[in-house]
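Got some structures for you, see below.
Here come two complexes built around subunit A, the first alongside subunit B, the second alongside subunit C.
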Partner chain A sequence: MDQTAFRVQALQIIERWPEWRWIPEGYMQLRWTFAGKCQEAASGDVVDEDVHIVWSQSYRVPVLYMHLSHSDGASFTVEEAFDFVSRNQMASSSSLGDPWSFLTKTEHPVLGVPFLHVHPCRTPDLMALFAREGSAAPLFTWLSLVMSLIGVRVPGAVASAFVQEGPAANGRSEEGDDGLPPDELTFPAP
Partner chain B sequence: MADFFSSGGLWRDEVLVSVTLDPEERTTISNPEPYFCLVPRVSYFPLVLPEIERYFRALLPAGTTFDATKDLPWLEVQGQPLRWQHPVGCLYDLYTAGKADVSAPLPLVLHLRKFPTATIIPMHSPEAVRAEFMQMVKEATFLRDGNIKAVNSLVKEQTEQIIAAMTNRDYALFERLTEAFRGQEPLRFPIRVHLPGTTHVQLPILAAEMPAECTLGDVMARLLPTLFPSPAPAEGSPAVVAFGAALPLSTPVGWLLRRMAYPDQFLHLAVPQLPPGAPPCPTRPRCPPSSGPPPHRPPRRG
Partner chain C sequence: MSNLQFQPLSSCVDASFWHKLTQMKLDVFKINDAPVPITGYFPAGARQGLPASRFFVDHDAFTTDVVPAAPLHHFRVPGTLVNTNTLADFGSYDKDAMMSRNVAKIWEAITSGQALQNPSMLAAFSLLTFADLKTYNFLYWFAFPALLTSTGPQPLDQPAQPLLDLWPQEAWAALTPALADSPVHILAGPVDHPEVIPFADLVKHTQAHPPTADEPLTLVVADPCERPDVAGWPLRNVLACVQHYLITPETPVRVICYRPAHLPSSAVLRLRLSPLGHVEGLPKAVGWERNDKGVLKPRKVDLQDSLDPKRLAETSVDLNLKLMRWRVIPDLDLDRLKATRCLLLGAGTLGCYVARTLMAWGVRNITLVDRTPSIHLPPAIPSIHLPPAIPSIHYHGPCLLQQPAHSTVMGHVSFSNPVRQPLFCFQDCLGGGRPKAQAAAEELVRIFPGVHARAETLTIPMPGHAIKPGGAEEAQTRADVEKLEKLIVEHDVVYLLMDTRESRWLPSLLCALHGRLVINCALGFDSFVVMRHGAAPDGGRPAVGCYYCNDVVAPRNSTTDRTLDQQCTVTRPGLAPIASALGVELMASVLHHPLGPMAPAEAPTSITEQTTTPMGFVPHQIRGFLTHFQNVLVSCPPYPMCTACSEVVKQQYRERGFSFLLEAFNDPASLEELTGLGEMQRKMEHLAMAAGAPELDATGEEDETAPAGPAAAAAAHEEADEEFTML
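On to the complex of A and B.
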């Protein structure tokens, strides 16, 4: 995948999953508030979650960046963020490890401010794996995986759209391979 | 024959830094003397923070209290939080090069309160510095080789040795341990340009797409075409600085990568002064953090 393909596939995803939007500087953004069970801070605390998918020029893969802040605007500390992510991480991805092993704080490549990110050094291998398995929409496949790491469920309608539709490739079966219900996706471990 | 570069001359270079205390802390102390220190160019500011902190904390009145979670120390330069994940040398060049008195120390301010979590990354342990350093090494290796096998094939002990050699500035040992990182001719150049007031600029430049004897000018013209419309030096083109030296645009990039890369395997270049009238960020618009109402229908959580 190159940067142009990234943009094309990102826009395809955004079309079907309208909570995302495309930022002209070249990345996808999902921003929403989560009123949930953040027990340590204050119960009923509203969490502002900002998730960006940015193309890495160096690794030539998409990279997940996320920023969590409290309702008063204060950024989550690294500990608070890991706690939040591990409580929300989906069971299907728990084998991929706890947040300490994959989330690190770094400077957002466009905004220049601290964000957590999933370091891209393993992603090229992962994308190669998807390509070998004939994935018709590698960005979507990758996105579903990282969304499950941070506990965001892919809406069933979106998943079905990519499993059944998508650019034709390699005579791949149109249905999900493993007979799971459409809104449950599992992936090989990286 | 050992020349200045191959004997680690650049690694021995140190820069003078002066640190004053945040004026808000100076309530009952009349005006503490600044703290001066010589810091290696190839090091990182978080590694000298403890000695700076010790000096000033000793001068605080007894009973001064801090909030353990919010009040982590940080450094300020020219009114901005210092982005201390970058090597000392390139930050020094960025903030002092071009100033009339080149021997003046780089003035920093130590803050002990209200760590600006929205602006800079906390790096209060040697482990944090090591982790950042190794990520840079991985990225440089990926750019050079197209994969990170050279880094992944290191066993823990080798990584520890490399980091120790870097911290102790043992150039000869470091070069021996990291030979594998510089095996072939690079596929892409690990070059990062630091500009005032913005994030760094770094675009992978495919060596195959550049002229055979690629010069610094060729690279700058590719990375920052508005500042460097042509690879040849022109009237008014800004200085490109590394290790305190304004580099001629005719310098071969291969030579620079072999001789003037930092321990993290990147060639960090500073362009400390933009010509008057240049846009603040020549290749990327500086956009404020995205604002606007979040969508009213959040995605389902697991």
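On to the complex of A and C.
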């Protein structure tokens, strides 16, 4: 994948998944609010997520930058973010343990604000794997994988739109079928 | 019939807003606290399980020339920010006036008709802030003014009807794009083909289609609430605006609380609205937000961890090390390293590199000691009896004596330093040079503000460097000894990084006495020794010897003492960073050994041998030879006749204190007599003479078949109860 392919695939995703938007500086952004499933946590388990997918020139892969905050606006520390990701990882039974060890705080390449980011050193392997498996939309495949770890559900309609288009999504369609709340299905992509 | 209930907005300030505000305060506002236009946004509805009626501001808030798009199903509205300069200003700021200005703005938008063109103006808000840029604490208070009308809207049905009971879902899917441009629209047309009409056409539309009970005026209002019986806060001013333009009393109005984020929660409210009539001055309003305790007071957020660059540097440094723990060494005890207090005796080449490597390991407490700055005059040639006569590969002589008199002002940064000593630069050399320990400590803090770096100066007295009795020199020496001992007690690990051999004696003795771990680095021209001294709690026997134990047992077939006549600073430039790094890594490994400084000397038999501790083996000494690009591991036990760490020496110091030291400084031979070394040397000479052994030749070569000499020496070694291993 090169930067042009990144842009093309990103715009395809945004077209089908309109919660994302394209930022003219060259990255895609999603604002998401996560509400924990824990019964005991009433308001404490709400996480406001500002998720950015930025193209890394040096690693030539997409990089996940995110800012997680509590409902009172206080930012997550790296440890809290790590816990959050680990819990989601258990919930999603993803085997993608390793890349998350590289969760660090760094300056956002465009905004210059401190953001959490997943160091891209492992991403090329993943992308190569998707390419070998013949994914037609490797960015979406990668995205749906990493989104599951920060509690963002891929809307069923979006997942099936990508699945229908080819051998691509690598069984990822399950994500849309496992009991999504009905509102996620309210707006089929145009 | 009770009035319609509205759910207040709940502010949600993204950290990026505070980051941007901090930048603006520093670069643009400075001390100007005049009102500034900003924007915020609220969601229309909330996904199931999420908190509703939230109101967001983020870094986009300040971009007002081209208003940035709000996220999907969110609506951006204008606001006014006042950032006060002080906490007192925040407290005393005229909040009633602020509210009035906001209400006037909304009222003006309604009466002028602007609000019909741009209904987001109806939700105009105010934000009062104080940014404490020293602590990165922010105080803030939102006002979401809602105009109070004498004739409040009254719902006709309880509860409200779900939207999807009245319209098919497909119809709304088709309307979504048309409804995204503004928070308020008018809906007309049949149920299966509804039509969106701009709010701007309110008057025209109601005149053309006078609302009836069957066909009421139908408004679609973006609604941040999610409850069926309660409406979102922004609806209040929308209704006030509609009331202002209504002419007929008791107009049937239907409001669709539009919640596309979770469309099924959208509700349809039938209301009875009356014209507002004449309003004297400004309408009354409510809307200051309550804090997290439900009190009408400002909210507060502490963002030091995410905004303070110093804190960021600290978390990044720690994180980098944690990655090592997560990825490679799960047993890595970073807290232990972080808490280790390191005393660096010497702020020269070795001191600079050791300090930097310690910092990279996350060590936070580093004290650098260098000699008291003074003009160095070549002293009279002293009689140096230490070390014992057997030369060792790392012995590089009393370099002080060979330095040309003009070369340095001792203890100051000189022009030759910066290229070899990475904590100094050219500027430090000017004007006679800055004091080295001070310059080095300051540079450490400049590199990483999270480090506690301290500088101390003292002159370490040395055996063989005589002290004039009774005078100022003796008093100064006594003070220096006390200071050194206090520093050693205050630290956990002591690095010996001086450029003379004999200056290591007193710290070696004091560390042995107080059970402190010593890491000792010494350089020759192209060889080095890096070692740890044995340390044991009071009365315990250390597992390994010290620098001086070692010399007595130095390998006899070593190369000649070619470094003996070199100046100490004449070393291959790569040697100091190698030796310094090894010293710090040795410390890190020792601290991870279950026995810590009590760990016995370990040496692997092969490079593939399984390590005993998380960090690997803990050797006693590493001797490096740059000529051969080889390191060898050496160990020796504590030597009972050691001039620095033996029990007899420690006991003398305990009993006689400074007077014992003074004797050693003035007459090193007294130490040899005290420990029995002198006697042993005489015995060896005697044995050798009796056997007629030839002197060792200058290359130090000898072989197994050489007559008598080595055997005799070996006998002497045995007598000294020593063991020497070279692996």
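Following the convention adopted for this analysis, the second predicted complex is superposed on the first by the 144 of 190 C-alpha atoms of A that agree within 3 Å, B and C clash if a C-alpha of one lies under 4 Å from a C-alpha of the other, contacts with A are read in each partner's own complex, and residues count from 1 in each chain.
Just so it is clear, a contact is a pair of C-beta atoms (placed from the backbone, for glycine too) under 8 Å apart; a residue touches a chain by one contact, two chains touch by 3 or more.
In this text, all values refer to a predicted model and were calculated from it rather than measured experimentally.
Once the two complexes are overlaid on the shared chain, A:Val46 sits against subunit C while remaining clear of subunit B.
Within the superposed three-chain model, A:Lys105 lies in touch with subunit B and with subunit C [touch as defined at top].
After superposition on the shared chain, subunit A has more residues touched by B, the comparison being subunit B against subunit C. When both complexes are overlaid on chain A, the residue A:Pro114 reaches subunit B and subunit C alike. When the two complexes are overlaid on their common chain A, residue A:Arg31 makes contact with subunit B and with subunit C alike. By the touch criterion defined above, A:Ala74 reaches both subunit B and subunit C. When the shared chain is aligned, subunit B comes close enough to touch A:Asn88, but subunit C does not. Taken together, the two complexes place residues 18-19, 30-31, 33, 48, 50, 74-75, 77-78, 104-106, 111, 113-114 of subunit A in contact with subunit B and also with subunit C. Within the complex formed with subunit A, the subunit C residues making contact are 12-16, 18-20, 46-51, 54, 56, 58-59, 69, 71-72, 74, 169, 173, 176, 260-264, 292, 299, 301-303, 305-307, 312, 315-316, 319-320, 323, 326-327. Interface residues of subunit A, counted against subunit B in their complex, comprise 17-19, 23, 25, 29-34, 36, 48, 50, 57-60, 74-75, 77-78, 88-91, 104-107, 109-114, 119, 121, 124, 148, 151-155.
Taken in their complex, subunit B has these residues touching subunit A: 69, 83, 85, 117-122, 131, 135, 138-139, 142-143, 147-148, 188, 198-199, 202-204, 284-287, 289-290, 292, 294-295, 297-302. Residues 18-19, 21, 30-31, 33, 35, 43, 46, 48, 50, 67, 69, 71-75, 77-78, 101-102, 104-106, 111, 113-114, 181-184, 186-188 of subunit A are the ones that touch subunit C when the two sit in their complex.
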